[in-house]
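Next, two complexes with chain A in common: one pairs it with chain B, the other with chain C.
And now, the complex of A and B:
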């Protein structure tokens, strides 16, 4: 049953990768902005959660009630105050500005919190496990994390296709000028998308920080995982993003089982193979 | 003369260094249909873009119901009650027909136009409400684009080249619905290359040539000769 366990762990961590990816894919879909600071914003969310849990003495999962709206507000302000000014026909300015933002966030966190590794303590829930099948054990926390990831993806899917805000996102993505003609203030629509992206980042950041140690420098690697999950799944498909995260997680788990040094390498190799064989991703959005 | 609903006073508009409009003035009374005709590149679409808020005129002003709207962004202009049916229809391709209409109505301005009323005006849209917008024929897409603009319950509707790329019989069919739209108290500016259609639909006609008003008058009083002179500048 060794391999069953390995694959199951890979699937569960894939949920976390899908959450890294969902916000990234949302922003690219709505405004063609590649957010290089995405990973660092995840780490920022982890530090915000660290401050909240230490100040209020609440557990990390409860702290989400505060961290999520705070991050969403930061996202709205970031878009209105900075990123909207970089958007235009050229893809390069937002790329450069978010790259700069990434460096600023990393160094800001380094100044405030030092380079020490931190971790959020969730208490007994961290080590609780139960037996799923004979010989197959699941940790409660990874399971919660996966269920939350599926809920986030399902929620995004519903929001996109069943609500007025989702309609505004899709219309703005299709044609900004006509969206304005229909009474949509695209600056506000973009800011709402960024707020939503950072709300998802908050959830991902807290689960990341409960699961493993973090320090100010680990953002860019999370960005890579997010990118890889998006590309594997295919741009523009939320369930594809979940599948992409799961494939990445399983690849890494299998790699690590063969040789602990191969964990990240196996993920990158699977990503490269899929990119080479099927550059549109496994589940691209069906057009028309 | 009553106060006009829309008053465009001597506007100049530019694309970079290229001047597209030279001191263009135009008036639309409440309930009136005005046609703007002219050859390609005459500045017709630019004029509509300035009125709808997609472009800012560099000089001159635009008054809507006495309020200055020149240079305001499009989403604010729409809130005042000016809606544009853009050239080439430009429906949102990833939205269904009904979602396109709902986007048009999302400001919730009160008025006679609702989903049901639009479906009544264009019954074919009701049959295809759940299909993606690009699956409609050209004429149906034009109906959807008009319906989408009506959903905002505008007081002034701007129609840019409704007949573009459509079969004459479809164009006639769409123009036949315009009186029903005007009957709800709307004013209309139609920009057309199809002069016969424009003269039939409108009471007042302006002809734009190379960014200037070359001719204006009552549709009934303009002769074919004066129009072709203004059109071609001969």
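And now, the complex of A and C:
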């Protein structure tokens, strides 16, 4: 039963990685932008949640009602004010500007909150567990986290294929110039995509902060987990991204079980192996 | 008709560089210990930034994971010295080719990632190297290790002689790195690289083997970066996975230097390093605020002056410090040949 538990924990953590990945995948799909500051924005969301929970005295999951719109607004402003200027044929500007942004967020948080580890306290649900099968125990919080991740992915899928905004996203993704000719304001569409990406980041950031300690330096590793989940799952496929997150989570859990030093390494190795044998990912949809 | 590289400004540039080289080579006779140390650090950053510039500015391979090769070089130095008892200077020379061999399968793997995802792929590689380094218990595992005193003394008997030796090593290696880049850019492959820099699709359709050249550049840059990495950690005398594979020190600073100085131009990293160190000498007390400001300046430069400080100067005055551009010069003989028919 030991291994069943390990794999189950890996699957549940995979939901969190899928949320890291979904926002990354969304903006890459819509505007071919790879946001290097993605991980640092997740950490920023965690700190915003920390401030909200401390000042209002509410629990972290309730704080999402405030943190999500705040992050979405930041995303919209960031895209309109800064990132739209970087888009074009040249790869360098978006990469270097988001890299600069990553350094700015990291060091800004370091100035404001010091390097001390923080954690969000969610109260009783943190320690509640129940027995799923004989000898297999599941924590309530990891389960909520996984269900939310599935809901986020399903929601994105619906938004992409069933709503006007989703149609605008797909149109801009297919051909920016034609979308513009059809009367779409692509600057606004891009900003909406970034707002949505940061709304997902907010959810991911809060769950991250409830689950484990965080400090200003942990962003880049979250970017890498999200990125690995995207590539493992295959570009452009939302459900593939969830599968990618789960595969990464399970690999890390198994690695950690063998030797604690191998937790992260096992995840990276699985990613590199998949890149070597199936570079298009497991469930590809578009070629990037 | 013939092709010329040199211009008036590049002849002046060469003269200034020649004078600077003599002044720097004689630095142990005019500078104190602090000056030598600062200069050696400046040289290593010029070399790292120039190598990154070749990779990202010319070959279009935007890597945020070059700390993989800085750290690899550092760890190769320590492994060769501690485990195999190699002389540190030999270890630096061996670190280059070994890293190039390591870079071949790495490139084969991460070249599968298109465009911007390539950047994050390089970062994953650096993380894997860092995690592997912290598993090597002979080299101190996660907490790191110092270079044994016996190996340090083997370099030179006195501390002063040792400091002179590392200083000249830093100057020499940096000159070799810069000279290699200049020779490469003046060659046939340099023309191809410049074409890739200016327009990759156009370069491809003119018959440039884009992927092959990018692959060679990646391996060559790994070679140089690793040697500089070994040198850096010979100067530091201590290594740990976190310092060796630090993204701030070996990638963020290097990128900011290149962007501020002027990406895609050989003079850019040199100008950028000078600006970077002038700012650092005055603002170092600010700590993390300093990095924050560098990030902001780099964003502003990237958006409003994408060719950097040197780009502004070069375009305003048409200067080039090194004879790299190509000019067609009409000679009387070909003019006559042209008139005949």
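What we mean here is this: the second predicted complex is superposed on the first by the 285 of 288 C-alpha atoms of A that agree within 3 Å, B and C clash if a C-alpha of one lies under 4 Å from a C-alpha of the other, contacts with A are read in each partner's own complex, and residues count from 1 in each chain.
In this section, a contact is a pair of C-beta atoms (placed from the backbone, for glycine too) under 8 Å apart; a residue touches a chain by one contact, two chains touch by 3 or more.
Just so we're clear, the structure is a prediction, and the values are computed from it rather than from any experiment.
Colleague: Consider chain A as the common anchor and indicate whether chain B and chain C clash or fit when overlaid.
Modeller: fit
Colleague: Is chain A touched at more residues by chain B or by chain C?
Modeller: In the superposed model, C touches more residues of chain A.
Colleague: Touch check for A:157: first (chain B), second (chain C), both, or neither?
Modeller: Touch status of A:157: no partner.
Colleague: Please work out whether A:171 is in contact with chain B alone, chain C alone, both, or neither, and reply first, second, both or neither.
Modeller: Once the two structures are laid over each other on A, A:171 reaches chain B alone.
Colleague: Quick check for you: in the superposed arrangement, does A:269 touch first (chain B), second (chain C), both or neither?
Modeller: second
Colleague: Thinking of the overlay built on chain A, is A:99 touched by chain B (first), by chain C (second), by both, or by neither?
Modeller: second
Colleague: Name the contact category of A:5: first (chain B only), second (chain C only), both, or neither.
Modeller: A:5 contacts neither chain B nor chain C.
Colleague: Report, in whole Å, the shortest distance between any C-alpha atom of chain B and any C-alpha atom of chain C after the two complexes are superposed.
Modeller: Between chain B and chain C, the shortest C-alpha distance works out to 16 Å.
Colleague: Quick check on my understanding: which residues of chain A belong to both its chain B contact set and its chain C contact set?
Modeller: Looking at chain A, the two contact sets intersect at 288.
Colleague: Considering only the defined contacts, which chain C positions touch chain A in the complex?
Modeller: Those in contact with chain A are residues 56, 60, 62, 64, 109-110, 112-117, 119-121, 123-124, 127-128, 131-132, 134-135, 247-248, 252, 255-256, 259, 263, 288-289, 291-292, 294-296, 298-299, 302-303, 306.
Colleague: If you look only at chain A, which of its residues touch chain B in the complex?
Modeller: That would be residues 164, 167-168, 170-171, 173-175, 177-185, 288 of chain A.
Colleague: Could you list, by residue number, the parts of chain A that touch chain C in their complex?
Modeller: 28, 32-34, 36, 82, 85-86, 91-97, 99-104, 106-108, 110-111, 220-221, 223-224, 227-228, 231, 261, 264-265, 268-269, 271-272, 275-276, 279, 288
Colleague: Of all residues in chain B, which touch chain A in the complex?
Modeller: So the residues of chain B in touch with chain A come to 52-54, 73-75, 78-79, 83-84, 86, 90, 92-95, 99, 102-104, 106-107, 132, 134-135, 148, 152.
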